[in-house]
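So, here's a batch of structures to check.
In the two complexes that follow, chain A is the common piece, with chain B as its partner first and chain C second.
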Partner chain A sequence: MLRNRELRAALIFISPAILFFLVFWAAPVLLALYYSFTDWQVGQTETWAGLANYTKLLSDPQFHTAVLASMSIVLIVMAVSLVLALGVAIVLADPRIQAGRLWRVSVIVPVVTDWVATGLVFQLFFLPNQGVLASFGQSLGIDALNSVRWTTDAGLAPWAIAIFVIWKQTGLYAIFFLAGLKGIPGDIIEASKVDGANAWQTFWRIRWPMMTPLTVFVVVLSFVTTLGLFEPVYLLTGGGPAGATRTLPLFLFENFFTFGNSGYASAAGIYFLLLSLMFTFTASRILKDRDES
Partner chain B sequence: MTSLATRPPSTAAPRRAKPRRSGRTGSNLGLTAKYLVLLAFTAFSLVPLAWMVSSAFKAPQDVLEVPVRWIPKQWHPENFVKALMEPRFTGHTFLEFLINSTIVATVTALASVVLSIMVGYGFAKFRFRGREAFMWTLLGSTLLPFSSVVIPLYLVIDSLALTDTLAGLIIPFVITGQAVFVARQFIRAIPTAYIEAARIDGASEWVIFRRIIVPLTGPAVTTVAVMSFLFSWNQFLWPLVITSSQEGFTAPLGLSMLGMGSTFNTDYSVWMAASTIAIIPPLVFFLILERPYLRGLEAMAGIK
Partner chain C sequence: MADEFRVDRRGTKQSLRARNLALVLQSVAAGDGVVSRADIRRSTGLPSATVSEVVGDLVARKVVREVGQARSNGGKPATLLALDRDHHLFIGVHIGRSQIVASRVTLGGRIQESVRLGYNPTDNPIPPAAEAVARLSATASGTVSSIGLATPGIVTSEGVLTQALNYGWSMMPFGEQLSQACGGLPVHVINDSNAVALSEVVLSDRSRVSLVLLWLGTGIGAGIVLEDRLYEGHGHRAGEIGHVDTGTDALCVCGRTGCLEAVAGLFAIVGDADAATVDDFVRGRPNTHAARALAHRVQRAARELARLVSTLAATLDVADFIVGGPLVTHAIGPAVLAAINDELSARTVPGFSTVRVEFSEFGGYDVVIGAAAHAMCQELGVMVTLPDAVSDGSAPSSGRPNEEEEMALSQHFRQRATAVALAASLATAGCGAADGDSLVVEVWTHEFAPLQKALQEKWIPEYEKANPGTKIKLTSIPFAGVVSYDSKLLSALSSGKGPDVWDMGDWNYDSFHKGGYLEPIDPTVFGYASDKELIDSYQPGATKAVERDGKLVGLFSEFNTLNLFYNTDVFAQAGIPPLPADKPVSWEQLGEIGKKLRVENNGKVERTGFQFGFFANFRSPQWYAQNFYTLMRQYGQDDLYVDGKPAATTEPVVKAFKLIHDYTFEYKAYDPTFLNNWFADVPQGRAAMVQAGTWYPASAKESNPNFKFAVAPNPVVDPDDPSTYQNISWLWGWSVNAKSPTPQKAAAQKFLAFILGKKGETAQAAYWFEQAGFLQPSKAFLESDAYRDALKESPWLKLWIDAFNTYKIAPVQHSYDEPGAALVRAIDRVIYDKATPEAAAQSLQQELSRLDSQ
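Up next is the complex of A and B:
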């Protein structure tokens, strides 16, 4: 009897989550799935189109460019920000560092500020000739920085976006790594030192292996987060020049909301969703394993 | 790993106050290098923000001055009044957008606290079939990049006639997998014995929740509140997608329009004043609640 009462209570407590999951997750995805099989354009009734959208996407050069643009930004951001984050975390984990809280707060401040407000700042940093970076360059005697067209050169634009994203997100990953490092029991480190291990060995033989699950989590998280970023691209280049930085989120947004190719955009969205799902479920799987151990 | 985030932070206290005597020069060198790394990185983090604040006080023509001047030649605090009060965007002011943002973020945070504690309790202290599968699906689904579900979500919000309303900005985010997960991590630390004792004494499930669980969820409440508030305040893509009339603009939406189309404005000092104002609420919130926020991040990563 008690079991029954408990079960009913449990259902009531989690019912908001069930409702939410159905209305704001399952229903939308099913709806988008349906539209992805139609030729729906804004303002017209849709007719069934089967797999047409999906096959068309695979041969659409704009879609290819979008995938490539997304991937190149993701790779730059991950390579730089994860290394930086790990470095900063190792430094912050050193108990001899004074004023730890002050450093920690400064490291994480970009994470809590707004994309748009800071995006305006980076717009002005990247202006050619009169921008802030150009002006730093002049002060340092590097005149070459003056004429760099950060956001309008097809080769540089992904880097400009990546720099902004690295600035904004590295602190978050550093905090994750720091928490991981601090979670390692002090006596293990102590014991390794007694056994004569130097700092280098302690890191690679003890800290790093113990942090592996967390590292995988951070890698996956940074991958999906960066892949899904809309704001930095929209604010710095708007997808330009000539579509060179039109990433997946921007491709979806433009096709759906600007051009009204709703069925087509829905299909692209389903590809994007499947790609992201593969990675997020890896991440939540890792969390689950950690949770159970 | 089963011990929880409510553990006092003192466990992370310095393990050794003083460096060992042997190899002191080498280790001092290492320490200096570490400070240099920190200094370089925090400079990278703070320079754009410092430049933003300093430019907010400058005369418009001085913003892009060469070389960069950190202390304004002349102070123009009236930039802030201009940024807030000057009507642009079809007669609306940035102050109105800030008020919208405040309403949206506050309501989201409050609702999210109530609902996450409830749901988190359900997941933390009851056993039922499918519990684990549902919990991890919920978490996995909200770790997804928002832009990959924005079109589907738009379709639903549109069919509920919630586009272009503040409610449409709030409702989809009052329950997120992250908030539920964080609440669950905290609530799991509450001893189950309390609940069982109350049950034996004949307390109803609701009374147990109200009288025993809720009073013990202090840290979870602040953590979920600060995370939801920051998330909501900084949202951009969603308001951009569902808001068309400028009465309903949030601060980031208003900011993004400064440099665009009919409202084009190259008074960069006003841009920076508006940006400075827009980052103050989340920054203040974060600085006051830094510890709960960091604890939430740690709970997210499954540490403790």
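Up next is the complex of A and C:
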């Protein structure tokens, strides 16, 4: 139990954080919630519209496309980058491999670079005929690579975006996994070896279960951040072709800023928030249940 | 303030109040026009209640006025305070050797009127002084608060002249006498060299000034200012250095020998040398005996003055020594100054910086200003700077000793006066803006290098020079950045902030007008009598996109339509003859030409024949719309909506999609995925042709100076059918923020008139055209010599005149809106998803209908 004085001190110390949270998180969310029930158009006064925006969204094919586009990119990114990250972490954590600091740094470099700068590089990377991939194909004699429309083919565009995001984010998840692996006490591993467990068994029965809380965190983090990504989509495809990669953030952005449908965009934002919360809740429940069984 | 070691009296309520008053006033003066009550509370440490009370008192007394509100960053905006520089008037009087000069001065230092009266120095100067004051009071528009009287000699704080050796005056109660003669107005008497020293301080924009002013005339005196305070000394004799002993044997008028005046006074230096001798000496030709004698006297005077200056510098640690008085304007002045400085350099002590003496920048001796400043200082308790001092070089302001010196002085004086006048107007311009604070006009533009260059290097510096007191703050924002220019504009304006004036594409005008952000352009600022006259000064119909209720809400930055640019090197290399410049080719013909121009090697596209404005990396809804609307209109439909209903499955729309489809897949003249840079693809030969406006060559040549091009009229569906001569227009317009404060709005309109030109002016339009390729469709410009010259230099420009006359031109109806976005998707379906034109039209119709039903 905190004594009164300690409690007061604690409150004083966390008050800036609380204030920050209130001003930059709670207030905007509450405002968006309010506006989502209005017909607000940028620059005009709003009137109450009840659930109109929400029902309209549910029947808006553009919104459906946006949710689908977002989900497909998120799924590709999560599936690939989490597996890749775990692999990288295992390699980096293995004492026999002796991964130096340079390797660890190289893993984190894409994470700390700027989305826009790297986005422009990836634009050039995917450009047909003149781009990096196309030139690579030319040097290998694979002419077919010239005409691959990475960012303008409805089927490939989500992949192009996902490749960029995976390159950019895997390092971060790898660092988390690495920390998790390193955090497992050595005596437990040793005990398992004494009991005759092989490396495979040690991983699946000792390391992996012990990392569950961390995994939940990384899964949720990757879902939420990827869902919210704007720059890579905007830079690589601009939502195209024909809206195939017009993800939720782009939908929100376009409705708010280009069309001025602010109330409508706010409602989409609230759906967006609900989607993130639902996933977070479900993911932690599933992993916890598994952990307990 | 609190560094007094001894206090001789207990602070009383009154003395504290006076002190608080002085403190507050000092803060207002220091932050003139940008300071609020809260700032004063912070800088003085006084309680808010006291600050409010004192400020209220000062406002009631019209010493301080409220000048507007600070830009709030949340909360109640603070009220800004400035000195009320025009209400209180002061009269400065200078008693000179043979004349009395008096001026009526505002609290800002502006001389409103001056009077000059001669008198006989053996008489009492007070009656003529009183007469001068009476004359000035009679014509005063406000209240004369007090009088400052500058006189030679030693003056006590009670205003008694105790001694003026050169005049033979002693114990004259000037202050009291003048006050009585002027109906009891307070009179503050000051020594003349102190007055000059004071004028140096009030005209300086520095704070905490320490300086010694050396008055070099017949007599020699000094005014000592330490940290903004005039140091008068125990018996008010500080600076009475004329009769210190220099150890020489020169005989002084006072009867002693060796006095400084006897060696370094102006008469002592010049002696019997006539003007020719002085001229010889100054020109470095001391050939005559008289000139050599003069050189000797100058040397001696300089030595003694340098000795004095270095003594003072060592004693007081003051760095600024300023020479005022008749010597400044005397022909021998510069030579004496140089000699003093030579002596001083020789005296430099190792480890100390060399002391230097300079002439007063202000021409030496504005005694009257100094006297008035003294009166203000005594009345208000603080020294205020006088930004308006000498607002007009012609005002007979100064108490100059005699007429001939005035001539020489005036030249020097005028130079300085211009500088000061500039500073003064800077302080007062901007109707309603705070004194001493400049008006800031915020300008936003989309990022386009020639536009930024023109503003930064030409228009803004020139405007700021022509309008001191106005500052233009330019922000450039990428047009298609992650958060685009339009979005930034809209979100800033809708939150009540944003620029005072900005440029934007015509597609924004509807929503921005609806939002109430657009201030109508005031025709009178541009020299037109009415809105109609302003509108009629442009090509018929050109203003359509910026006209609302008979007024313009935007003015042309550029107005353009599309023609066809092509790379002549590429054409020659491919063996294709140049396109006719007087008649458009058909789209069909162009498709065939484009087909021939395409180069593909082993599956790698190396060149494409034709470039639409949109492509994979450049998904601008504006360009999708511009290219599409041109085609749709040529096939016979003006807009995607007919009679307010979506009409996307009509023949013209389908045909337009089909043409885009054929260019991409049949002719393969266009390859949207291959292109990557709007301004480099054609110049670098990756594409052979592009539709663009007059702005294209300037930017294309920026990085490809050897780009060779020709222009053909924009292609049409049927060159023999005039009804297919249809094209789009677009404009970028300058607009003024309706929600900006009034002074900003006025300045914004004025700025636009400056950069775009008033009635009859074509130089601005010519500049924009030459530098940025921006075409203003003003009749005056299109008929001007400048445009004729431009035509001579770039004959292709004629196509735009022709286009305005032969094509039907109108802005696109939809681009940066929901139907515009639907159109983008439909075109994408054609060129990326290989949808048939019919299917694309069908899906567009569905989307538009859906939008319509909501």
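Operating definition for what follows: the second predicted complex is superposed on the first by the 267 of 293 C-alpha atoms of A that agree within 3 Å, B and C clash if a C-alpha of one lies under 4 Å from a C-alpha of the other, contacts with A are read in each partner's own complex, and residues count from 1 in each chain.
Everything that follows uses one rule, which is that contacts are C-beta pairs under 8 Å (C-beta built on N, C-alpha and C of every residue); 3 or more make two chains touch, one makes a residue touch a chain.
Predicted model only: the values in this text are computed from it and were never measured.
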item	value
Touched partner set for A:Phe37, first chain B, second chain C, both or neither	neither
Chain B versus chain C as contact partner of A:Phe257, first or second or both or neither	both
Which of chain B and chain C A:Leu127 touches, first, second, both or neither	both
A:Val116 touches, of chain B and chain C: first, second, both or neither?	both
Chain B versus chain C as contact partner of A:Gln138, first or second or both or neither	both
Touched partner set for A:Gly180, first chain B, second chain C, both or neither	first
Chain B versus chain C, judged by how many residues of chain A each one touches	B
Touched partner set for A:Phe63, first chain B, second chain C, both or neither	neither
Chain B/chain C common contact set on chain A	116, 123-124, 127, 130, 134, 138, 230-231, 234-235, 253, 257
For the chain A and chain B complex, residues of the former touching the latter	2, 5-14, 16-18, 20-21, 23-25, 27-29, 31-32, 35, 84, 87-88, 91-92, 94-97, 101, 103-110, 112-125, 127, 130-132, 134-136, 138-139, 167, 170-172, 175-176, 179-180, 182-183, 186, 189-190, 199, 214, 217-218, 221, 224-225, 227-231, 234-235, 248-249, 252-253, 256-257, 262, 265-266, 269, 272-273, 276-277, 280-281, 283-288, 290-291, 293
Residue ranges of chain A in contact with chain C within the complex	42-44, 56, 61, 116, 123-124, 127-130, 134, 138, 143-144, 146-147, 149, 151-154, 230-231, 234-235, 238-243, 253-254, 257-260
Interfacial residue positions of chain C with respect to chain A in the complex	482-484, 486-487, 490-491, 493-494, 511-512, 514-517, 602-606, 616-617, 619, 672-674, 676, 816-818, 821, 824-826, 828-829, 832-833, 850, 854
Chain B residues within the chain A interface of the complex	1, 12, 14-17, 19, 30-31, 34-35, 37-38, 41-42, 44-46, 48-49, 51-52, 55, 63-68, 115, 118-119, 121-123, 126-128, 132, 134, 136-141, 143-156, 171-172, 174-175, 180, 199, 205-206, 209, 230, 233-234, 236-237, 241, 251-253, 255-256, 258-259, 268, 271-272, 274-276, 278-279, 282-283, 286-287, 290, 293-294, 297-298, 301-304
